[in-house]
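Pasting the structures in now, so scroll down.
Each of the next two complexes has chain A plus one more chain, namely chain B in the first and chain C in the second.
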Partner chain A sequence: MNTPTGHQSRRGRRGTLPLLAAPALVCFVGFAIVPVLGVLALSFTTWDGLGEIRLSGVTSWRAVLADPGLPHAVWVTFLVIIASWAVQTPLSILLGTFLAGQQRYRGVLAVVYVIPLLLSSAAIAIAYKALLDPNFGLGAGLGIEFLSQDWLGKPGLAFGLVVFVVSWQFIPFHSLIYQGGVRQIPRSMYEAAQLDGAGRVRQFFSITLPQLKYTIITSSTLMVVGSLVFFDLIFVLTEGGPGDATRVLALDMYKRGFQANLMGPASVIAVILVLVGLLLALLFRRLGGRDPSQSQFEGA
Partner chain B sequence: MSATLTETPRQATGPPDQRHRAAGAQRRNWFGGLAGWLWLAVVVVPIYWILITSFKAQSNYYASNPLVPPSDPTLENYRLVIESDFIGYFVNSVVVTVGAVVPAVVFSFMAAYAIVRGGDSRLLRWVNGLFLLGLAIPLPATVIPIYLIIIRLQLYDSLLALILPSIAFAIPLSVLVLANFIRDVPKELFESMRIDGASEWTTLWRLAAPLTRPAIVTVTIYNALTIWNGFLLPLILTQDPDRRTLPLALWTFQGQYSVNVPAVVAAVVLTTLPILVLYAFGRRQLLSGLAAGFSR
Partner chain C sequence: MDTPISRRTVLGLAAGVPAAMALAACGTSGPGTGSGGGGATYWFLNGQPQEGVRTGAVDRFNKANPDAKIKATTYQNDAYKTKIKTAIGAGQAPTIIWGWGGGTLRTYVEADQVEDLTSWFDENAKVKDRLFPSTFGAATVDGKIYAMPCETVQPIVLYYNKKIFDDVGAEPPQSWDDIMALVPKFNAKGIAPFSLAGQSRWTNMMWLEFLFDRTGGPEVFQAVFDGEKDAWSNPIALTALGKVQDLVKARGFIEGFSSITADSNADQALLYTGKTAMMLHGSWSYGIQQADGGDFVSSGGLGFMNFPPVDGGTGDPGNTVGNPGQYLSISSKATAEQKETAKKFFTEGVLDDEEVKQWIGTGGVPVLQGTQDQLAADKNAEFLEFTYDIASNAKTFAQSWDQAMSPTAAETLLDNIVKLFQLSISPQQFADNMNAIIGQ
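Let's look at the complex of A and B:
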């Protein structure tokens, strides 16, 4: 392997650098890039997951695009993204601002907050299923009717539960991101605002929030792109049910591919997932703008 | 007092006023404080319920107050979980996690070093671009071709089948974070190693690795967590109960014992325990590393 640059130093030392990148590149291409290209190829085939793979042109695409299940799955995915963003963002900003304060006990709280982040989605989903069991759960034991409803049996409740559990798991992570963001805001901005007699609330809306613009974009990107591909949690918690109430795109793909053995149509859904993910990532990058130093002047 | 809000950016560069700093520190954020303590309850109550329930006997579980610890704690639930082969699943999880994290971190570190040191090479810039693109590839969208590749390699139902894709998906973020830290190593140090006649391989392990150790620890913990908790790959790439990892085993256990709530939550506790132990040791690195990794 040769580097295309002209200034090679003695003994061709620079030539060894691409070799150092080779193992990572081989693994990554083999099990990430090839599958992405592969899923596009498979979307033009018919395969039951065991037998022969046969080319079938746009049959799978036609079938999926004509299936009312697709717009439903897109709609549910969209709702999960919007609802979990709308619940997590204000709470994370509030908690992040709080955690950025000076008192020592806040550090202790942060240690506890992080625990949900460490647990597997499967463990969290199973714990909540047990906790909210209408007959044997916490609500039944304490006689709290709100908690002992049939959370997994009614579409609206199941959807709300998914959004709540997602928030329970990920708010700590985003709070930490906002904590870092708030700590980077120059103190003198608050001092100046105090000289002007701006109160706590005014300071939050005039300084903290505008200064967090880029943190909000980072956190929202991770949230939105992340919730696009939620699988583990929803699969274990509701399996897409009741009915199809929580059947998001990733789950729709799994069910078509690995339960109905229709790998062609499932690959079509996967291609759609990749495209939507890339589109959202690009969109947020646009929103992020090109000059982060601008944020300094937006507190005004 | 005539300062208006539009002038704050200019004031930001001026010397801090000690008097007002003191005043600012004393102001209480009541609303934030309330939210902070409320959220603590939201996090702690379910965890507390899981813990105490896991020590309750199934027979008197339904009769007891769910928030009161058992008067006669029992280890019966844990015995049931362990007898359901959880030691074997634990070993599988350890093999997969170690087997994937070690190569992933070593390969990512080598690649990050090459990308930082060979920044003028078009090939390496292209490789870096490919890894950055990889950050946007969602794992669920790639599982069908991964399944196909694993079958064709005759690896279906093996732990290696779980390890290979796990390495691949750990690489993009690891390279990004490690490269950011290697970039902070002063150029003069690399230069003096070069003058001493050290090879890139020696410089990589003797200079770059010790100086970026906190980042390596962070990346290791983060990847270990992700892979330990992985559910989708084991779900589609294994069938044999002897190849189950903990999250999948937990799911099947729950399917079998769904009416035995104390046993199910004991299984949740047992599968989570190793992570909590790891967290107790690596907390500082994980928290500071998360902040550093995402603030760049």
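Let's look at the complex of A and C:
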């Protein structure tokens, strides 16, 4: 690093790096930082979305924090995060590991599995809604009693359905991440394990899973932060209902802002969402260990 | 602490930069009103047969006025309600704003977003005088007219499937007790008594509107509307709320009603396919059942009546609820030429002879006076005259609650109505929740 060439290249980088980062920085500031500041400002105002914006101090904050709807929405959001994580992670790891194999039929299946990723959330929600319609859906059409339930009308069922459809949509994506992760694991580890007499299950738990640690953290961060702001699918599928059984924070924010014309309180929830999202992301970074360069390949 | 600050400052801060970038990137500016010319924009609801009539009126107007055209865009009902509000707030409103009048119109007026049409109507008395006078109530805010009534008068009607009634050997209900007595009768035959699109929320609300009116007259809700303290705890209100829960408990509504939405017309399909015996729905549903139900309507399968009286109730059984009309406002942000085009459309385009004929063809009664002869000559004469009579004879034609109230209060109301129908709150809890926001 003390050679003249090293010095020079570092200086050269200093000149071009900011330039290269500029487009991303401008977009990030324009599309992320400025709106967040705007929302923060709006949370201290009263505005119906049409008329004049009036500064009103902490009125909106007080109204939202005292509203029994807020703890409920937080609780539902928390449940969606936990449930969709608990359903998606094991299935994605298993599918990813399965798809990492080089056999041709697995390649074919991998293509099939990606299909849900190609569909928009709204389309998925509308399709499921039509399929599960208690009177004109799949159950009634095929005469399958089990499928003719009040899927969107019973709080428990509606919640389960939301988690199921979200998982259906996103498991392919996380499987892809895990597939890549598994393929990064050196073959020599498995060969050594085989020599030591480890079976497939043992190999999975002793090699694959520990080696996937960082992949799991990446995928979990995406899942948790993603579920936190999850909106489109739930909005089309249940509109937060029945009652408020699936009213997650993001939906609560939308309903307050755009249906009830209460932009101040909606902004308060937006600020809460930003804070919680940042906290969760930070938490997952901590889980990843302090030193991200630490090698996982010791002995490989 | 209430200091007004410039809306532009905050908007500029919040949306200006990204919006400018997005616009620069896309190259199109959307259906904004900023770009000039005489070309006006007009947004309304999709869904046949109504959409065809609206589009037809615009097409005819454009043909007659090649230099002042109107560009129409259509939206789904529930999506439109949000979209129009956001567009108006962002200064991107269409020239002609389609709506239901009432509380939403009031928010536009208070934000100075729509033109005051009072003097225009004074100058053009001809335009005003040919419409039902009762339609102007929901177009008027603080004594001034901000919207042009249009399209059809839409009372809520109790529909029933005559074939099912014949099969079961039942008579149409003449009272609330009859309704409650019919419920087990139909359930025993495996037919759900009432169809209901519970996920759409306002569908449930129609039941309360009638039960309130029939039990205690229009005064009960008027007290809420006037902001009287604890108006929802009126014993009559609590009785009415309890009655609807009785009906839910007796399995009066089809199993799984909370999963059904009105935007897909599934609730109406349940009636014409004979899966349910009765349905409370707007008069516009007649046209939908005629279009979608095969020969259900033409073969005389569809029965209809006004909501029956409640035993011991004091409300006039001739009263009705629903939409006294639809409403067209002009955006105050439109250019002078656009406003001219819109007014020209109001005079020449809205409810021209062809449009009137088409509305009648869909089973709708236009908000126009003196159409009786045309109604009587139509193939749907029975239903049309029924609607005309209700609309013209009702002592009170109450506007739908969610349209009459402010959007903020309406949202809380609809949420609580869903919970009431799910039996997750009691009438008393409903009243408490609603009393808390009275006057908003």
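Everything that follows uses one rule, which is that the second predicted complex is superposed on the first by the 260 of 300 C-alpha atoms of A that agree within 3 Å, B and C clash if a C-alpha of one lies under 4 Å from a C-alpha of the other, contacts with A are read in each partner's own complex, and residues count from 1 in each chain.
In this text, a residue touches a chain if its C-beta (ideal position, glycine included) is under 8 Å from a C-beta of that chain, and two chains touch if they have at least 3 such contacts.
Everything numeric here is computed off the predicted structure, so don't read it as measured data.
Asks: Is A:T16 contacted by the first partner chain B, the second partner chain C, both or neither?
Replies: In the superposition, A:T16 contacts chain B only.
Asks: Which of the two partners, first being chain B and second being chain C, lies in contact with A:L262: first, second, both, or neither?
Replies: second
Asks: Go through the superposed model and pick first if A:Y190 touches only chain B, second if only chain C, both, or neither.
Replies: In the superposed model, A:Y190 contacts chain B only, not chain C.
Asks: With both complexes overlaid on chain A, does A:D150 touch chain B (first), chain C (second), both or neither?
Replies: After superposing on A, A:D150 lies in contact with chain C but is clear of chain B.
Asks: Looking at A:S56, would you say it contacts chain B, chain C, both, or neither? Reply first, second, both or neither.
Replies: second
Asks: Applying the touch criterion given at the start, work out whether A:I82 contacts chain B, chain C, both or neither, answering first, second, both or neither.
Replies: Once the two structures are laid over each other on A, A:I82 reaches no partner at all.
Asks: With the two structures laid over each other on chain A, which partner does A:G101 touch: chain B (first), chain C (second), both, or neither?
Replies: Touch status of A:G101: first partner only.
Asks: Return first, second, both or neither, reflecting whether A:G141 touches chain B, chain C, both chains, or no partner chain.
Replies: first
Asks: Answer with first, second, both or neither: which of chain B and chain C does A:L283 touch in the superposed model?
Replies: neither
Asks: Which residues of chain A are in contact with chain B in one complex and with chain C in the other?
Replies: 30-31, 34-35, 38-39, 42, 49, 53, 129-130, 133, 136, 258
Asks: Within the complex, which stretch of chain A touches chain C?
Replies: So the residues of chain A in touch with chain C come to 30-31, 34-35, 37-39, 41-42, 45-57, 59, 129-130, 132-136, 148-154, 238-239, 241-244, 255, 258-262.
Asks: What residues of chain B sit close enough to touch chain A in their complex?
Replies: Listed in rising order, the residues of chain B that touch chain A are 1, 3-9, 11-12, 14, 16-17, 20-21, 23-25, 27, 29, 31-33, 35-36, 39-40, 42-44, 46-47, 49-50, 53, 61-62, 64-67, 103-104, 107-108, 110-111, 113-115, 117-118, 120-124, 127, 130-131, 134, 136-149, 164-165, 167-169, 171-172, 175, 194, 199-201, 204, 225, 228-232, 236, 246-248, 250-251, 254, 259, 261, 264-265, 267-268, 271-272, 275-276, 279, 283, 286-287, 290-291, 294-295.
Asks: What residues of chain A sit close enough to touch chain B in their complex?
Replies: 1, 3-5, 7, 9, 13-14, 16-21, 23-25, 27-36, 38-39, 42, 49, 53, 91, 94-95, 97-99, 101-102, 106, 109-116, 118-123, 126-131, 133, 136-138, 141-142, 168, 171-173, 176-177, 179-181, 184, 186-196, 198, 200, 206-207, 218, 222, 225, 228-229, 231-232, 235-236, 250, 253-254, 257-258, 263, 266-267, 270-271, 273-274, 277-278, 281, 296-297, 299-300
Asks: Within the complex, which stretch of chain C touches chain A?
Replies: Listed in rising order, the residues are 1-7, 10, 13-15, 17-18, 21, 81-82, 85-86, 88-89, 107-108, 110-113, 198-199, 254-261, 264, 266, 269-270, 275, 406-408, 410-412, 415, 418-419, 422, 424.
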